[in-house]
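Structures are listed in the sections that come next.
Shared between the two complexes below is chain A, which has chain B as its partner in the first and chain C in the second.
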Partner chain A sequence: MFLHYLDLAWRSIRKTPALSLLMVTAIAIGIGITTTTLNIYQMMALNPTGERSEQLHAVQLWSHGPDTWDEFHMQITYQDAMNLRNLAPQFKQLAQMRSGMVIQVDSDKFEPELRAVRVTDSDFFSMFSVPFLYGTSWGEQVDKDAAYHVVISEKYNQKMFGGGDNVGKTVYLNRKPYQVVGIVDNWNPQPKFFDPMNGAFRDAEEVFVPFSLLPIEKFQVWGNISGWKHEDTKNFSDTVKSEKVWIQYWVELNSQESRQQYKQILTGYIDEQKALGRFTDNKTSADSSRLNTVAQWLSIAEVIKEDNRILVGLSFLFLSVCLVNILGLILTKFLKRTSEVGVRRAIGASRMHIFSQYMVEVGIIGLLGGLVGLALASGMLYLLGEKFGMDSSLISMSNSMWFIAPFIAIMTTLVAGIFPAWKVCHTKPSVYLKSQ
Partner chain B sequence: MLKMNKVSKVFKTELVETHALRDFNLTVNEGEFVAVTGPSGSGKTTFLNIAGLLEPFSQGEFELDGIDVANLNDNQRTQIRNEKIGFIFQGFNLIPDLNLAENVEVPLRYRGMGRKERQQRVNAALEQVGLGSRHKHLPSQLSGGQQQRVAIARALAGEPRFLLADEPTGNLDSLMARQVMELLEDINRKGTTIIMVTHDPELARRAQRNIQIVDGQVCDFTMYQPQQESNKDVQLEEALSE
Partner chain C sequence: MLNIKPIISALWRSKSGPVLLLLQIILSVAIVANASFIIHERLQKMNRESGIAEAEVFTVNIYNFGENVDYDLQRRKDIEAIKNLPDVKNASLVSMIPMSGSGWSSSFTREAFDRNKENQEEVSAGIFFNDHNFIDTLGLKLIEGRNFRIEEIDYSPNAKDVKAIVSRAFATAMWGEGPAVGKTFFNGPDESAEVVGVLEYLQGDSVGRSTFQHGVIFSYDFVRAGKNAIYAVRANPKDIPQLKKDIKDALLADNPYRVFQGFETIAEIRVDAYRNDALMVTALSMIIVLLLVIASLGLSGMVMFNIQKRTKQIGTRRALGAKKRDIIQQFLVENYLICSLGALLGGILAMQLGSQLMRHYDLPMLDLSYVFVTVAGLFVVTTIAVLLPARKAAAISPAIATRSV
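Take a look at the complex of A and B:
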């Protein structure tokens, strides 16, 4: 019977092409807009670390003085970072910052260029599950005794060397030779959870160098440096010693116990620092640090802006306006066919038969609207990228949308169709038999 | 077969109450061919609609094929319509988007009949009305008489016990009307009970039994049975005993 209804529905849709087109368009526009905003929202709401989210923790410290900031800062001072690194070596942890360097290789095919570089510790790669195509990260020893090692991405490997296993080759960063120790396979988590402050939807860096080189090479900071009091930081060593916050700090804690243990270490450390005259705000030591899972971190970084929530809400509102319109169109269409319904009722169609027949027709219109809506959404996302420079990870259609969009479309039209179908299936058979 | 006792039907609109049927009594026996005549607005269609369970009635008793239909719900009425009753309308009422075979198939589908049996019945029914070769035509491609024959085929395909026809020849010229009438007589001879509303006294005269509805009541019986004299007495007795 269902197939028969499909057949009937298809004939009916083709019989009134203009009206059908109008309905499909109305749904398509509603679905297109909803899908677009929903897609962006969904991409923003993604947690790229999955199960690891609960194990990876971003560290925040309340190191500022009284009456300054009223929130935890997302970064910490260099001295705190160095102290924590030494204090708890039994934990996997990393200090990092974003820098930029001039990059060169011994090849005339590759033009020297200025590029973002991630300055980090070796545990970065294991903690954030970075896959290696060739080689591996620099050794832990390098985190202590600096060495000129570099990890590059496969994409950059292609660009610099034309691909292949180039572990051992030399890359020049700011004119200094670095040895390639590892080449990272495709890796670009979105949102960029490990550094959302510098653009949550920027691509991951393609070049990584040891954090231990930072004091030696005095890398330029390509991120925020924030201070809560006036400090004269004329040069790099001033910055390193200052209370300015510019280092991101992560630790891996795999159990509740290790979490508590680490928290205690932090509290102990802050006690110590208070004794030394830092951490002067009147907050307890225990309250002066915070460990955030990735999910919490993304929320603190406000990866999903309030605007986006409102936008999603508005688009659903718009969809409901479309729904009301469709309802009107469906009603018009169905009521034109009451005489046929009268005949069908007379010769043996139950109300359920009629109701189902019309709901199937509505469902097909919904499906068509959903598909056209998807195409519209793809177009809109493309435009957002091309004309408004929206980040590419946000405007790529999420796989789930291929199901969600038609699903919403069908559901919407079915809801809109209930009343017209109900109305038409309550046609009194006798009334319409005389006319025709 | 069909037994109405003091059935009445009142149409209520904002301003007026129309008593379309009042204390309507009628018994139709199995195998009869009843022609219903009467002035316009007298309640013929109303009677037929009630007889065909297309419309509820306001008061009285109505038994169809041994079933008291007064208290049936919509689904039960639908099922009886589908299985026991065939309808033929003045306006043919074919579904314009469906071809002939599909039109005839409609009631069978609602019965949940399998594809093969449906096809057999459709073929047989169209064959019987002389349109066996035109399965794929659309109703709009046929003449009025042909359309009415398709409608008859549709009514026949379900092998109903009853055929209810409301002015089946009203839209046809006299030649076509006669053809349709012959078809109905043929069907009646095979055992189907037929109740036919008509304005045409000549056609009415060809039925075994004539009733006249005037002002919502059965008014007058006249029996026309020129061919089968022997049957006449039986019919008369029956009529008188009502």
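Take a look at the complex of A and C:
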């Protein structure tokens, strides 16, 4: 029966090519726009950590004074980061910041390049599931006693050494020798959940060095340093001692108990600091810290841009205009054929038959529109990358779109088709037979 | 005269077509009014003057990675070397580049900051630490007062007697419309600066900030103590490609331990800075254009159907003496009736949507004039969409009324 309907539908579509084309165009444009905005939205809304999202926690502290900032800052002070690292060594945790250095090797083939560098702790790699190709992270000991160790990406390994296991070799960062201890495979989570404030869709750094080197090497800060009070910070050691916030802090908590335990440790720590005259705002110690899962962190960082939400909303409104439009066109088309329906009804077709046949017909139009719409959307996404330099992770068509777009298209046309199909199958056969 | 009554009763008899048209118009008005409002807002944002000779000024970003470099001395040497190149008009060390997305900002008060005093109004601004060459290199226009004097530039870490040149927007936010030269403002309890000049425009680093047009230049410089340096160079646009190479060669000859980043003109930096806004404008414009195309195609299709359905009616009317233009008028009046109702309801929906957008997003309230302009545009578009098929209808011969089908 379904095949029979398909055949009838196809004949009917071909009988009025202009009207059918108009309908397919309308639905295709609607789907094209909706799919484009929805795809970008979906890519922005992605949580790259999956089930780890609930275990990884970004730490926020309310260390600022009264009448200053109204919200938790996303970064914490250096002194708090150092204290937390020592306070609860039973937990996997890390302090980090973004910096940049000039990278070189002994060989002359590699021209010096200025590159972003992630300054972090040894647990970074296991907490964020960074895959190692060769070697491993620097040892935990290095987090306490600084050593000139470095982890590089496979891309850099290829570029500098021509690939292969180069653990133990030396690279130069700002002309200081660092020993390669590990080479990580391609790793570039998008959005960049572990540091969304420095550009949520920037590529992950490809050079990693120990955080313990920070006070020795005085790495440049390639991120924000924010302060809430006037402090003289003319040099690095001033900044380290100051109340300025510029360090990001993460901790892994695998169960509800460990979460509570860590929260208690934080509260105890803030109590201590209050006694020392810090954390002066009128907030309880328990309320002065916050642990955020990755999902919460991405939402705090406002990874999804306002503009994108507005565009998604408007494109669905646009789609609804298309829906009303198609409804009108389908109505036009079906009512034109009431006499044909009259004949079919008179020779025994049930209302259900007529209704199903017409729904199949609009479904096919929806499917065609959806497919053309998908093609339009990939064209638009391509243009966004070419003309507006949109990040490549945002403009690649998400796999789910191949189902979502035709699904929305078919649903839209089916919704639009119900009323016309209902109307047409309630035609009294006698009326139309008579007028002939 | 316009025979509105019979038209209304005709519409009433076959409701579904007009209702669909009405729905389309309501939605279209709501979407187009809000989209064009956002477009206008973005265009205004993108057209803010920087005051800089944007095509002539380009930046040279340098990262020094040598050991034991006297950065201060190195930079003076670099600027001299750049200035000595034949096609360079002027060059200056700059602490940040307007619109570049990274730099310094701080907030200031009219009186020395006092922890115990309440309600001290603070005014934020992008801050620059630059010498007397800066204004000329960028091509900024002084509208009050004067430039820094060479002897006023202080290179020591604890500068005293600091002078400042501020943008008009900052001066207005701080002291109102009147003259600002000679006024003093404060940063914290004990840092202050005296205004010696006012610039027509000076923008900060971040185009999204509400105080973007507030700029302050101080006559001292602590930025020199770092590895990074940004130089602004002014030259004729045609010389810039060659200069990029010449500057690199000249500076590397003096000290090879540095890396260059982005030789970009301010015009290019502007394009980068407003990329998202330009994208929004393009996307919304596309939505509007496509919406109009779809709506008018749908409208034409429906009118055509109406005509087919009413061929006999029209023939009868013609046979009874209606002129061609009466038939066209009938369809137009029908359209305008629906459009007017649609405009009214669409306007209400547009304002609702606008207030939702304002509540949830960083947008001002939708201006009613956008609804009016949209409605006017809609009348024009639908007139065309109706007129074309209606002329066909008018061509129906009166004889058709006498035939059986």
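Please note the rule applied: the second predicted complex is superposed on the first by the 427 of 436 C-alpha atoms of A that agree within 3 Å, B and C clash if a C-alpha of one lies under 4 Å from a C-alpha of the other, contacts with A are read in each partner's own complex, and residues count from 1 in each chain.
One rule holds in what follows: a residue touches a chain if its C-beta (ideal position, glycine included) is under 8 Å from a C-beta of that chain, and two chains touch if they have at least 3 such contacts.
As the structure is a computational prediction, the values presented were derived from the model and not from experiment.
Novice: Answer with first, second, both or neither: which of chain B and chain C does A:101 touch in the superposed model?
Specialist: second
Novice: Which partner does A:129 contact after superposing on A: first (chain B), second (chain C), both, neither?
Specialist: neither
Novice: Looking at the overlay, does A:280 come into contact with chain B only (first), chain C only (second), both, or neither?
Specialist: A:280: touches no partner chain.
Novice: Looking at the overlay, what does A:299 touch: chain B (first), chain C (second), both, or neither?
Specialist: The answer is neither, since A:299 touches no partner chain.
Novice: More residues of chain A in touch with chain C or with chain B?
Specialist: Of the two chains, more chain A residues are contacted by C.
Novice: Applying the touch criterion given at the start, work out whether A:90 contacts chain B, chain C, both or neither, answering first, second, both or neither.
Specialist: neither
Novice: Counting only touches as set out at the top, which of chain B and chain C does A:141 meet: first, second, both, neither?
Specialist: neither
Novice: For A:340, using the defined touch cut-off, is the partner it touches chain B, chain C, both, or neither? Pick first, second, both or neither.
Specialist: first
Novice: Between chain B (first) and chain C (second), which does A:264 come into contact with in this model arrangement: first, second, both, or neither?
Specialist: neither
Novice: From the superposed pair, tell me which chain A residues show up as contacts to chain B and also as contacts to chain C.
Specialist: 435
Novice: Which part of chain A faces chain C closely enough to touch in the complex?
Specialist: Listed in rising order, the residues of chain A that touch chain C are 19, 22, 25-26, 29-30, 33, 37, 100-102, 112-114, 174-175, 220, 230, 234-235, 305-307, 309-311, 314-315, 317-318, 320-322, 324-329, 331-332, 335-336, 384, 388-390, 419, 423, 435.
Novice: Would you mind writing out the residues of chain A in touch with chain B in their complex?
Specialist: 1, 4, 8, 11-12, 15, 339-340, 342-353, 428-430, 433-436
Novice: If you look only at chain C, which of its residues touch chain A in the complex?
Specialist: 16-17, 20-21, 23-24, 27-28, 30-31, 34-35, 38, 63, 65-67, 113, 157, 187-189, 191, 222, 225-228, 257, 259, 261, 275-276, 278-280, 282-284, 286-287, 290-291, 293-295, 297-298, 301-302, 304-305, 308-309, 357, 360-362, 405
Novice: Where on chain B is chain A touching in the complex?
Specialist: Answer in residue numbers: 45, 49, 52, 54-55, 74-75, 78-79, 81-83, 86-87, 89-97, 106-107, 109-112, 154-155, 158, 166.
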